[in-house]
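Structure incoming, see below.
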Amino acid sequence: MDSFFNEVISGALGRYNYWVVIFLMMSGFYVVIGSTNLVKKIVGLNIFQTSVFILYISIGKINGGTAPIVWANAERYSNPLPHVLILTAIVVGVATTALGLSLIMRIKHAYNTVEEDEILAISLEEDEDE
Amino acid sequence: MDVVTDLISWIFLGLGIFLGLTGAFGLLRFPDFYTRVHAASISDTLCTACFIFGLAFQSGFNLVTAKLFIILILLWLTGPAASHALVRAAHTAGLKPITENSD
Amino acid sequence: MAPEILLIWALALPLIGGGLTLCFSRIPNLREGSTIVVALALLLVVSQLLSHTLNGETTQLTLFEMLPGLSLSFKIEPLGMMFAGIAALLWPINSLYSIGYMRGNKEENQTRFYLFFSIAIFGVMGVAFAGNLLTLFVFYEVLTLSTFPLVTHKGNENALAGGRVYLGILLTTSIGLLLPAIIWIWSVAGTTDFTAGGILYGKISGIPLTVLTLLIIFGVGKAAVMPVHRWLPAAMVAPTPVSALLHAVAVVKAGVFSVVKIVVYIIGVDTLTAAPWADLLWILPGFTIIVASVVALNQDNLKKRLAYSTIGQLSYVVLGTLLIAPFSIKGAALHIVAHAFGKITLFFAAGSIYTSCKKTEISQLNGIGWRMPFTMSAFTIGAISMIGLPPAAGFLSKWYLLLGAFEVDQIAAVCVIIISTLLNTAYFMPVIHAAWFRKESNESVLTYGEAPWPIVGALLLTATLTILLFLFPSIPFSLISAIPL
Amino acid sequence: MIASHLPALQVVVPLLGAPFCFLLWRSPRLSWLLATLISWLTFAISIALLVTVNNSGTIEYAFGGWQAPWGIEYVVDQLNAFVLLIVSGIAAVVFPYSWISVQQEVELRQQSLFFTSMVLCLAGLLGITIAGDAFNLFVLLEISSLSTYTMISMGRDRRALTASFQYLIMGTIGATFIIIGVGILFMLTGSLNMQDLAQRIPELDQSRALHVAFGFLITGIGLKLAMFPLHLWLPNAYAYAPSAASAFIASTATKVAVYVMVRYLFSIFGVNFSFQTIHIQWLFVPVSLFAILFTSIVALFQRDIKRMLAYSSVAQIGYMLLGIGLFNVTGLTATLLHLFNHALMKGALFLAMGAVCYRIGNTFIDSMQGLGKQMPWTMAAFVIGGLSIVGVPLTTGFISKWVLIQAAVERGWWPVIIVIVVASLIAMMYIWRVIEAVYLQSRPENAKNVSEAPLSLLIPVWILALANLYFGANATLSSELAGNAAATLFSGTGF
Amino acid sequence: MELLVNISLLFMLSLTVIAVVRLKSLFAIVMLFGIYSLLSAMIFIALDAVDVAFTEAAVGAGISTVLMLATLVTTGRWEKKSSRSSFLPLLIVSITGAALVWGTLDMPEYGNPDNPAHHHVADRYIEQSPEEIGIPNMVTSVLASYRGFDTLGEVIVVFTALIGVLSLLQVRTPPSVAETPLRNENRKLSRPYPVLQVVALVMMPFIILFALYVQFHGDFGPGGGFQAGVIFAVAFILYTLTYGLDDALALTPVSVLKALAAGGVLIYGGTGVVSMLLGGNFLDYNVLSSNPVSGQHIGIIVIELGVGITVASVLICAFYAFMTRALPDQGQKG
Amino acid sequence: MFATATIALLVIMCLALVRAFRGPKIFDRILAVNMFGTKTVLLIAVYGFLTGRPEFLDLGIFYALINFVGVIAALKFIERLEFYDEREER
């Protein structure tokens, strides 16, 4: 019983990070697909991506490690590879965000709304007119 | 020597913690925007200083201290400026200093 | 010339004809003249090929290979030669007739008409000389697509609706049923080449074989076995020369020809005999023969009646094939020829009547024989051939079919043939009777005579050929006896 | 010396060509000339690569001189050399075409940006194809995606903006799913190099995390390749983008995504894992069958022909996935062959629609009535492409369907064959609608009379149309390439 | 202790996310997203990823937030109530999340030094990069050298984004000389923030100095071309916000920025081409000098410079484009 | 000692966060964000000492900067926002 308990505890301690990150990721994902406001979608997308970044960095973390910059007192370093990947991914993320936001500005100009429902309604009307 | 610097650090950090918590509670508990600015910005400035000094005493005199003081200057420069701009913006936006909450 | 070169010429000439038609689209005389010249040239080429084939030579030619083992190739064998021969012989005549008809009726878009006519002949040549199933399929589709503009020549709603039915049924059946069958065959046998004795022996048997055979019978929609016969009456919106081409030379013959060819060279007679219920397959065409004949009885429109008659006649060919007796298959092959000459004569006659006095219904034809004696004589000969009476070609083929039916002891099939012959008589006799023996109604104040000379010339030619085929059947006989069974 | 750098040059040339294109923003014509030059150069490189691979086997190229798995590696094998050829070949045809079409459809201010985007998109697509590193693939995927969003948003209709946005959201979700999957793979193996992953994954066969990674990667790639029902972004994106962009994207982007799918399923996860542990075929077969039928029927009811073609694309992607799902060498050959063939046919169709749009301003079926007489060459090319979609013999579409049905026959899955055949018939109907309107109906009274499209549009259209006929008549080359690649993938020797 | 920090940061992150899901005021959502970004940057620090923290703060709390705010100005700040059912999204999200959680049960434990992720490729980076590349920051080594091509791709992505933004939003052309007096007249009517202007002016040189420090110190500590580029951009953003778009445009003309953006990419790519010409593979810096380590050093400095230039100019340019839309008449009206 | 400071800072951040959630005015949120940012800077500093690697203070400098610019941007855009909002709602 006791060992089982210990196992559960250590299992949870070894994974709580992932679980929280998954919760964050899914919340972001929910905002993307669940909300109709385009700006909010973009915010959700950012949260989604940022959470994925946390997941990656969690993968790279080593207990007792330190930042992977040469340091005399270091026992061991955390894994630098995920950091590199995420640097790239962050940049990709901001590029996407900038593009998405400019699209939103143009959509607002063209439709005078940034609500997906309303745009859809307008588009449907247009389709019928043609 | 270590004990003395530790003690000084303790005092500064303790003060910083107190001020920071005060400011935070003020931010949370005060009734309207202007009073909250009051609570937050004033305590913030001193709190920052206390923390930085506390840390500076720990690090001794090296690059780290220099960076700490750069942070301090920066926060001292930006904090009040930001608060000022904030209040001003709120004022021009027509936010009256009355404790009526309606966003 | 080497037969390979001749083969290429046989395929290229119709296309050249089409090209010339386009070039001379502004000069009608030159346009039609070139068509006739090209058609005669094709006849010459095909007759050369015929002499080669009668000498027992086989010719093969591969144009290109799409996938390994999947090529566009040609091969001359007796059955295909016979089909090509009919087409080559009838194309000049039909062209002649077309000139009269198109000019007589002042049709529009004549260039398009001649162009697609040439392409259709190209398709026919391809089908006839196809060396494997895929090539057959390709040219079968060329034929379908190129005849569509001919069917919808008039361009009005009615024509378009008919065209849709025509194209819809033919494409649906060919892509939906025939193509899977071809792929099936390819995957089973690893080849689709037409080979004496078939390629499926020992590779497929039992129920799948029967299913495959059914796929082919219905997949070749042009054979018009019920219930995929609907396109044929629908295509009657076309101008008469097209109907003549469709029903006598090109499309329907391509259909039944394909069935015969696939059964003989792909499935193989022996293989098919062993299939379960193989001895019952003939019921499908048998049923079609009877039903189509009965329907034909009730049609007043002459072309419609001819159309249903065609459905019945085509099923003779399929019936002959599916009886799976050497005699009946030979009879089927022969019937392709016989029916071609007979039916084209009948359609020519119908077109002649329409050109001359715009009559389309049988009930209007009282006494017309005396006004258009040549036309109606030819019609009579054609009808006799259809019924299967001497001295017309139809007699020979029906005789062989009957022999075949007796050979495999299918008394029911014999009955079907006999009953259908009676029905044939029943629906042709009233026309002939009305034409010659009824008094013209007095209401008609129109005076009209024979149709223009190209029409009359053409139909007399085909009528003569129908008789000649009975009297001197040596060429078709030597061809059908060369079919490896 | 150049020869050994070919794999790098294949991507670097367009990648570094793009800034030059951009620097020429004052003169769109020069931008376009440069872009065209780049596309031809990449085409030449891809041919050289294909020849080299066929002669001397797989080529590996280590960026920065760091050997894999430490550095980023490009690997060219028979499979991706083939895909490279498709992508760069289509680019080499579409880029010259784009000038006139863009002149008319895109604002002057945006023109050089458009050409820059096209070059970037080309670079990204080529990079995805050639990359031998899972993360580098993601970066290049984003380059191509971002430039695609840009190109789509330049369409004249305001719905182009929403289409682009929708694609941006779904594409980014897809890309994020892909990095989640790659992250888990990295977590389990410590590597990002594809060959290295392929070696390490079999040991983890039963790991649930690996299954999750698989799921995320397939969903992510599925979003990018518009796998039904994740295809919702595609019809609008293709319909409202400028014609040159639709033609380029439609004939390359989804193909590359399919390639990535194949690469992951066969090379990285391996045949055993994908098909015997996960049984991905039981997802692909029903989904693709449904997609083929459903989207074909939807296509039947579209009034905008570009939209119709877009739905048809989703159906065609269904064929490709079906080929994978059939799980035999022939099926995979069919998929790869269809990659090539579909690029040719959709390219021809979209380019023809671009020419139509150039003359009459839109691609609605009503306004195309009677166009057959006025634009005979354009419409003839359209008919060839259309017949290819239907799968008429002597066109490329027939070859793909032939091999696909062959694969189904080998498995003995008759219902699959029935679906393919029925879908072909539906395809026939929707293509027929156009043919009927174009050839059999007369030009409406009030419609303006138009003349044939200019030669610079017609030549690319006809190059692709003739390629359709040529590779339909002689598929030996393409089927051999596809067949070899498929056999290699199945043998499990991977790269 | 680290655990506690980690957990409480994650807790705050969760709170923030929940608030973002529930709130309707877009402005609040964007501000909270800034907080979210800062928090995740904190987590990155706690997880030893200082370079990433730097970048995330710059991008998330900085650039993205500013751009979102600019967007909000044109789009309005309230999310409308949607009639759409939230059932399907919820279902999809639950399934995806459940799959992930299910997968985690088999995953290597968090932080365990024996995890496979740390023992294949990473070992070499940690053990040998200080000798092979010769710089202490392993992240920079991997970023610029081992995976230098990824970083080139990253720069191109940024460049691509610029293309997109420029095609969608036009940067206002600076007013001609003839209009200038009128403009100055109008500026008096506007309400400048003298306090802020002074503060900004004081900070500008400092920020730029800091940017240069980050640019060239990236080999030794956290930082590098990307971060430096962002800081540079932040300086100009601050200037634009306090002095107006016209002044900023006069300071940094758009055509120069565009040329710089392309130029940065070309510097990076050019390094690769040069190394190719010198006989190495693309981006093989070893050949840049007779000594491989100094070759690496040269290469990394040059490409980081390219990254910095491109990122800075792209971000500034994109910001100008957003400002043109968001505050179209700033300077005239204030 | 640093641990205590860290915990205290975390608590302060939580409190600021609560204010940011509750608003009610935009300005309240901005204020909270500003405070949150300042405290993050301090947290970075303290955390550096906690883990024994205080040389990453560059980050702190940068955060302070970003925080300021963020707040200024928010304020700058708010002027317009209010204006636009009024016009919309009328």
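When the chains are written out, they are named A, B, C, D, E and F in that same order, and each has its own residue count from 1.
To be clear about the criterion, a residue touches a chain if its C-beta (ideal position, glycine included) is under 8 Å from a C-beta of that chain, and two chains touch if they have at least 3 such contacts.
Here the structure is a predicted model, which is why all the values come from computation and not from measurement.
Colleague: Chains shared as neighbours by chain B and chain C?
Modeller: none
Colleague: How many hops, at fewest, get you from chain B to chain D via touching chains?
Modeller: Contact-graph shortest path, chain B to chain D, evaluates to 2.
Colleague: Farthest chain from chain F, going by mean C-alpha coordinates, please.
Modeller: Farthest from chain F by mean C-alpha position: C.
Colleague: Relative to the centroid of every protein C-alpha atom displayed, which chain's own C-alpha centroid is closest?
Modeller: If we average C-alpha coordinates per chain, D lands closest to the whole-structure average.
Colleague: Taking each chain's centre as the mean of its C-alpha atoms, which one ends up farthest from the centre of chain D?
Modeller: Most distant chain from chain D: B.
Colleague: Per the contact rule at the top, check every chain pair and give me the one with the most C-beta pairs in contact.
Modeller: Counting C-beta pairs in contact for each chain pair, the top pair is A-E.
Colleague: Any idea how many Å lie between the Cα centroids of chain D and chain F?
Modeller: 46
Colleague: Can you give the whole-Å distance between the Cα centres of chain E and chain F?
Modeller: 18
Colleague: If you average the CA atoms of chain D and of chain E, how many Å lie between those two points?
Modeller: Result: the chain centres lie 32 Å from each other.
Colleague: Counting in whole Å, what is the centre-to-centre distance of chain C and chain D, each centre being its mean C-alpha position?
Modeller: That pair's centroid distance is 45 Å.
Colleague: For chain D, jot down the residues that touch at least 2 other chains.
Modeller: If we look for residues of chain D contacting two or more partner chains, we find 135, 139, 142, 146, 149-150, 153, 180, 186-187, 192.
Colleague: Would you mind listing the residues of chain F that make contact with two or more other chains?
Modeller: Residues 23, 26, 30, 51, 55-56, 58, 61, 65, 67-68, 72, 78 of chain F touch two or more partner chains.
Colleague: Provide the list of chain A residues touching at least two other chains, using ranges where the numbers run on.
Modeller: Chain A, residues with two or more chain partners: 25, 29, 33, 38, 59, 66-67, 81-82, 85, 88, 92, 95-96, 99, 103-104, 106.
Colleague: I'd like to see which chains touch which, written out pair by pair.
Modeller: Once each pair is checked, the touching ones are A-D, A-E, A-F, B-E, B-F, C-D, D-E, E-F.
Colleague: Can you list the residues on chain F that touch chain A in the complex?
Modeller: Of all residues in chain F, those touching chain A are 51-53, 56.
Colleague: Can you tell me which positions in chain E touch chain A when the two form their complex?
Modeller: So the residues of chain E in touch with chain A come to 6-7, 10, 13-14, 17-18, 20-21, 26, 29-30, 33, 36-37, 40, 43-44, 47-52, 55-56, 59-60, 63-64, 67-68, 70-72, 74-76, 79-80, 82-84, 86, 89-90, 92-94, 96-97, 100-101, 104-105, 107, 109-113, 115, 117-118, 121-122, 125-126, 130, 136-139, 141-143, 147, 150-151, 153-154, 157-158, 160-161, 164-165, 168-169, 220-222, 226, 311, 318, 321-322, 325-326.
Colleague: Of all residues in chain D, which touch chain C in the complex?
Modeller: Within the complex, chain D contacts chain C at residues 390-394, 399, 402-403, 405-406, 409-410, 417, 421-422, 424-425, 428, 432, 436, 440, 472-476, 479.
Colleague: What residues of chain E sit close enough to touch chain D in their complex?
Modeller: 99-100, 102-108, 115-122, 124-125, 145-150, 152-154, 156-157, 159-161, 163-164, 166-168, 170, 258-259, 261-263, 265-266, 269-270, 272-273, 276, 279-286
Colleague: Show me the residue ranges of chain B that touch chain E in the complex, using the header's touch definition.
Modeller: Going by the criterion above, the answer is residues 74, 77-78, 81, 84-85, 88, 92, 103.
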